[in-house]
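The letters A, B, C and D name the chains in turn, as written, and every chain counts its residues from 1.
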Amino acid sequence: MAVTGGPMAPGPSLSRDWADDRSDNHLNGLNSNTSATPLTQARTEHSAHSTELSPHRTSSSAQKTRSVLGLHPNAPIDEEHDHGPRSELMWSRIRTVLREPFAEFWGVAIMVMFGDGSVAQVLLSTGETTAPGGNGFGAYQSINWGWGLGVMLGLYVAGDSGAYLNPAITFCNCLYRQLPWRRFPVYFLAQILGGFVGSGIVYANYISAIDWFEGGKMRTVPPAKKATAGIFCTYPQPFVTKASQFFSEFIASALLMFVVFALKDPSNNGVPKSDKWFPLCLFFLIFGLGSCFGWETGYAINIARDFSPRLMSYAVGYGSEVWTAGGYYFWIPMVSPFLGCIFGGFLYDLFIYTGPSPINTPWLGLKHLMPSYARRARREHIRREKEEGVV
Amino acid sequence: MAVTGGPMAPGPSLSRDWADDRSDNHLNGLNSNTSATPLTQARTEHSAHSTELSPHRTSSSAQKTRSVLGLHPNAPIDEEHDHGPRSELMWSRIRTVLREPFAEFWGVAIMVMFGDGSVAQVLLSTGETTAPGGNGFGAYQSINWGWGLGVMLGLYVAGDSGAYLNPAITFCNCLYRQLPWRRFPVYFLAQILGGFVGSGIVYANYISAIDWFEGGKMRTVPPAKKATAGIFCTYPQPFVTKASQFFSEFIASALLMFVVFALKDPSNNGVPKSDKWFPLCLFFLIFGLGSCFGWETGYAINIARDFSPRLMSYAVGYGSEVWTAGGYYFWIPMVSPFLGCIFGGFLYDLFIYTGPSPINTPWLGLKHLMPSYARRARREHIRREKEEGVV
Amino acid sequence: MAVTGGPMAPGPSLSRDWADDRSDNHLNGLNSNTSATPLTQARTEHSAHSTELSPHRTSSSAQKTRSVLGLHPNAPIDEEHDHGPRSELMWSRIRTVLREPFAEFWGVAIMVMFGDGSVAQVLLSTGETTAPGGNGFGAYQSINWGWGLGVMLGLYVAGDSGAYLNPAITFCNCLYRQLPWRRFPVYFLAQILGGFVGSGIVYANYISAIDWFEGGKMRTVPPAKKATAGIFCTYPQPFVTKASQFFSEFIASALLMFVVFALKDPSNNGVPKSDKWFPLCLFFLIFGLGSCFGWETGYAINIARDFSPRLMSYAVGYGSEVWTAGGYYFWIPMVSPFLGCIFGGFLYDLFIYTGPSPINTPWLGLKHLMPSYARRARREHIRREKEEGVV
Amino acid sequence: MAVTGGPMAPGPSLSRDWADDRSDNHLNGLNSNTSATPLTQARTEHSAHSTELSPHRTSSSAQKTRSVLGLHPNAPIDEEHDHGPRSELMWSRIRTVLREPFAEFWGVAIMVMFGDGSVAQVLLSTGETTAPGGNGFGAYQSINWGWGLGVMLGLYVAGDSGAYLNPAITFCNCLYRQLPWRRFPVYFLAQILGGFVGSGIVYANYISAIDWFEGGKMRTVPPAKKATAGIFCTYPQPFVTKASQFFSEFIASALLMFVVFALKDPSNNGVPKSDKWFPLCLFFLIFGLGSCFGWETGYAINIARDFSPRLMSYAVGYGSEVWTAGGYYFWIPMVSPFLGCIFGGFLYDLFIYTGPSPINTPWLGLKHLMPSYARRARREHIRREKEEGVV
């Protein structure tokens, strides 16, 4: 913040402020026209200067391509990095354009590798007596650890994009927190691809163990006795009714969104304002969802963590049962997380959030759904686009 | 907060102080006439000015309603939020009035959803061989995780009210830390309701699993073989005498209050002065109570976590055994946590705390119980109310 | 630190510095003539001023009594606390005199209550099929949690004394880090008492469960089949030779001291300079010692955690087997932790520590053992005592 | 560091900056000519002045010896320490010369003691019914804890050398982050020795338990039924093909390097800029690798953790099967971690890192492999060495 304030801040103080700037609100300038709260970013008031600095970072052709993709024209790149001859390289330019999608892709891939990896290890080694301890390489709790720390480490890796890692959470940030809707498709695609690749790597890693466990080259889906499809995506318990399937995913997703919005609420006094604690809190949140709501349907709560691996497992030969199992259960973890997150975000904004949100407008924001209102918003958007170049 | 102190704080210090100010002691102005220590707040020296700012936040009619409810007239709301037209909406006004009760309600609800959810998952899936690992979806330790992180995440959610989450802890803050007694009833009600709703959601989520486990629509209470009432509230082990039941809850509650007071003691050099560590420490504390004192009576240590779910389970059809089981055990987790917390707080103030506390007055504060003293305190209170408007 | 520097630090910066002062090095003034590193304190360079402030805090009669006990004349009490009429109360004066012993007492008591409590719960409920999960209320790992978080929470509680919680660690701080030897006896006594009382509370809490488990009023000691003495203190595995018993405690204690000295080394670049992380690191360290070196002899590594509960169990009727079991094993966890900690501290100072330590003097400090050298040190000590009043 | 900059930094900022400076970037001056990112160090902008201070710390003869060993001439030692007569002692001079090797040695030794210790305890006590809980002293998850916290505590201990603790990670820092190649050999040697000594101590500690478990003085290697060689180094599961063995180590190592580079990337907005969180993140990372990729080959991912203990076990009499087991598996955890880490680092630099890295040069840095380029780099290096004395 104090970068422009040189004369006021002589000596070492300069670097301190600058350091703090970087640590908490680097992305800020990029979103200065919104109040979106990417998961890895705190809001501040001092971002004006970065609009001046940013053009030095992102070339104008890259800016155009990024705008077409729905991203902010300026990529979130450290000022010291990627300047000079290095940034002229073709690959560097591509990477600048695709910075956020790459970050989401790898964030989700890391998350799914740890998550599906933990299921694979526990499920395939069930009851192995040669393990230290004599009873398999892990228990159900290892899976809570795997998904919890997978999310935590994914958040660290994907810091440059806001680290949503979940299309439903991206969606709710567009809906409630003014993240531009235009960014949703490219984030969505990156997250879906990340889940596909991450689960594919787990499959590749455990292929000989799966052969050994299934007793050959066949691949089976629950409720088959030696089914291994449950490593990659979720299948419901047999006794759970369709309504309970839906509700179980719905409530877990609502809890997820409610707590994430609390953790990201700059007005909530219980939450550390610095983002340093957020990944650890998410570890506990995901661990908790797995410990408390992970039995009936396997707590998918994320289309990128369920649909993508399901597609991958279909591609490598698990057969059409991956779609038909559980009474065509597959659509529930696609739809329910969106609805659950929307409901959870609604509850938080209704009862606790006091900042700008559609819920905090007349008629709880339902006006926004009326055609006349939508037309007006569209005109306003176009006008702003003309004035400021991009939105 | 120091924003108004511009001339005194030139240069970058301004923003740093402001940032730190926000992070740790936002609620302060609201309690500037007390030395109460809400669980999510550190004490500072700079709160005088916020009484000037607050009137802009809370309308005078809302102030009156809040006073009637026993709350501080000014709601703890971020200065940047809820100004302008937004705060004129009727719902926003209601939310401003009920800010702390809403926070406590959701904090307790989140806590109970994770806590009871973990018991439900572990208990209902006991020994299921289809689980990864072949032995259920979690073990006893998952329940320690569930309650521990439920409290942690509840503290994050309920930051605006001080995040007591437990009537006994609110009570001891009134008794020992000058939290105004008038606030106790509305906090109490919100906490009790939160426990009721949170456990109700767990019941709704696991209803088909409970049917499957009990083998039909019946609902049974321990020590029945397939009892599921233990998901929601605590039942003692059969061999534990009434005295041991009482003592087990008493000692766990005393430990809880003793350590919480230590963690909130600004004079204790072992404790980080920032509140960032507090929720994590509570995770460890609750995990520890469950690991070490969770067997005999199930470590209720909180009437909102035991009585409310018990009532809920009675309402959904578990029958009158929820009250009669264990020799009318139900009253122990209602009474014992209060007495235990009072004793734990007494010990801490007696041996370690050096700040203002009734224990640190002549006759260990017992004078306060004398009628003559109580009359004098009442007169003093009324005088202060006249002078300052509210207390 | 900047308290005396008012003119240089106007406005809110003042409070910040002061706040940091409090958080990290409040105890410093008390040790300004030493370089002792209490476990909850970082070293700084700016402690001169507190010698001026302290006399306002501690009355001269209390100073004398504290000197007699071997404590620093000025008690570590927050400046804002315990002034005015409050500090005139007799009990407040006693508490001021016994501040550090009280802190150590409660720190050890909290530690032992969680630690022994976790053993009690796991051992007594072994295999209980009515538990959620169907297999007892916890497993061996719960005990790692119990001791780990017991130490962590004990450190928080005992911040005012330096939170050694272990006579062997106090001893090594006297030996290697210039903690005055005169303080050792009163710390030692407080720690021993804390272990006695803490384990007594655990016994009182589990008395009906112990009756149920042992099958009556008898009390037995390992290797009896239903022995419960192992709840309170450690007994070795039957196959472990005396040498291995000794070595197992020795190596665990050496590891403990080595890592604690690393975590407290202000020159070690891997360690956060703030003390906020220290209790969490100790949680991991103790958890690790229990997971890795906890089988053969039960990782006592602390006379206050082993001898005191053993005495308590002897007092409540476990019989003389508590002393004779394991071939009079009881003396090993009394002696070995001291020797192990001395060796661990020696290794750290020899290979890594570069600050003032006897090891960093000619002949590795062995000169200090020579009578002539000791006489000289004694004369030097008396001279300093005359000049500065106290040491 | 800013202590000498008094005039530029008046008032309390001085002490604050100095404190922060110390905490995060003490090592910086030593690497001011590189952009290497030792695991325990953040990059800053203010390191020029320390080249002036350092000569006071390290004598010129020590500087020469250090240069010969490939280390930076100035040892990373706190300015306040090791001055005056103390630093004249012969042992102090040796310690100054070997500072980083000592740190790496002890870091790896601590890591292996906890890691191998946890395997020893779990494996040797498998199914012991006398344990509290009735089923051994730990389960597979204890091993995840052991290695995770072993790495965490090792990082704390080895802060002065950068705390690589793994030759493959040192190698990748040379390759991608400009750590001078000359330092690799001495780090490598120290790490290998640390693993040897650490595992030797575990063997010494558990020798009587191993005798008891194996049923005599023999020592056996998996897949023997009572094999104990798996305590020290890794052996693959019998059904895993050679390709899967390689791939399992490769993918785990790539994940390790990818996430470590993310955690150390100053341009990644998801990562706390302070290093305080790094050891905790590594705990979660290693725990995750063990939970998710620890079954097939035992997640060696580190030659110092696998080869050295294997050599130790060979030396104490486990026989030549330690080399031949699993179809001469021993070379896989020697080679695969290097290749995996190189690949993981390559992916991170290709997709996310924007700072100076060979990947961010034309032809993805492959030019560096051409002889003509290498000759030029050599000349450049010699020129710089002449100008600046050392590199």
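Structure notes:
In this text, contacts are C-beta pairs under 8 Å (C-beta built on N, C-alpha and C of every residue); 3 or more make two chains touch, one makes a residue touch a chain.
Per UniProt, the chains are A, B, C, D = Glycerol channel.
Computed from a predicted structure; not experimentally measured.
Mostly differing positions are employed by chain C (Glycerol channel) and chain D (Glycerol channel) in their mutual contact, as under half of the interface residue numbers are shared between these two copies.
In the Cα superposition of chain B (Glycerol channel) onto chain C (Glycerol channel), the rotation angle, rounded to steps of 5, is 90 degrees. Per-chain Cα centroids separate chain A (Glycerol channel) from chain D (Glycerol channel) by 31 Å.
In chain A (Glycerol channel), the residues that reach two or more other chains under the touch definition are 13, 16, 136, 138-139, 141-142, 280. Contacts between chains close into a ring here, every chain touching precisely two others. Interface residues of chain D (Glycerol channel), counted against chain A (Glycerol channel) in their complex, comprise 2, 5, 8-9, 13, 16-17, 20-21, 44-46, 119, 122-123, 126-127, 136, 138-144, 222-223, 230, 237, 239-241, 244, 247-248, 251, 255, 258-259, 262-263, 266-274, 277, 280-281, 284-285, 287-288, 291-296, 350-352, 354-356, 360-362, 364.
Against chain A (Glycerol channel), the residues of chain B (Glycerol channel) that register as touching in their complex are 10-13, 15-16, 19, 22-23, 26-27, 40-41, 76-78, 80-82, 86, 89, 91-92, 95, 102-103, 105-106, 110, 113-115, 117-118, 120-121, 124-125, 130-139, 141-142, 145-146, 149-150, 152-153, 155-160, 163, 201, 204-209, 211-212, 275-276, 279-280, 283.
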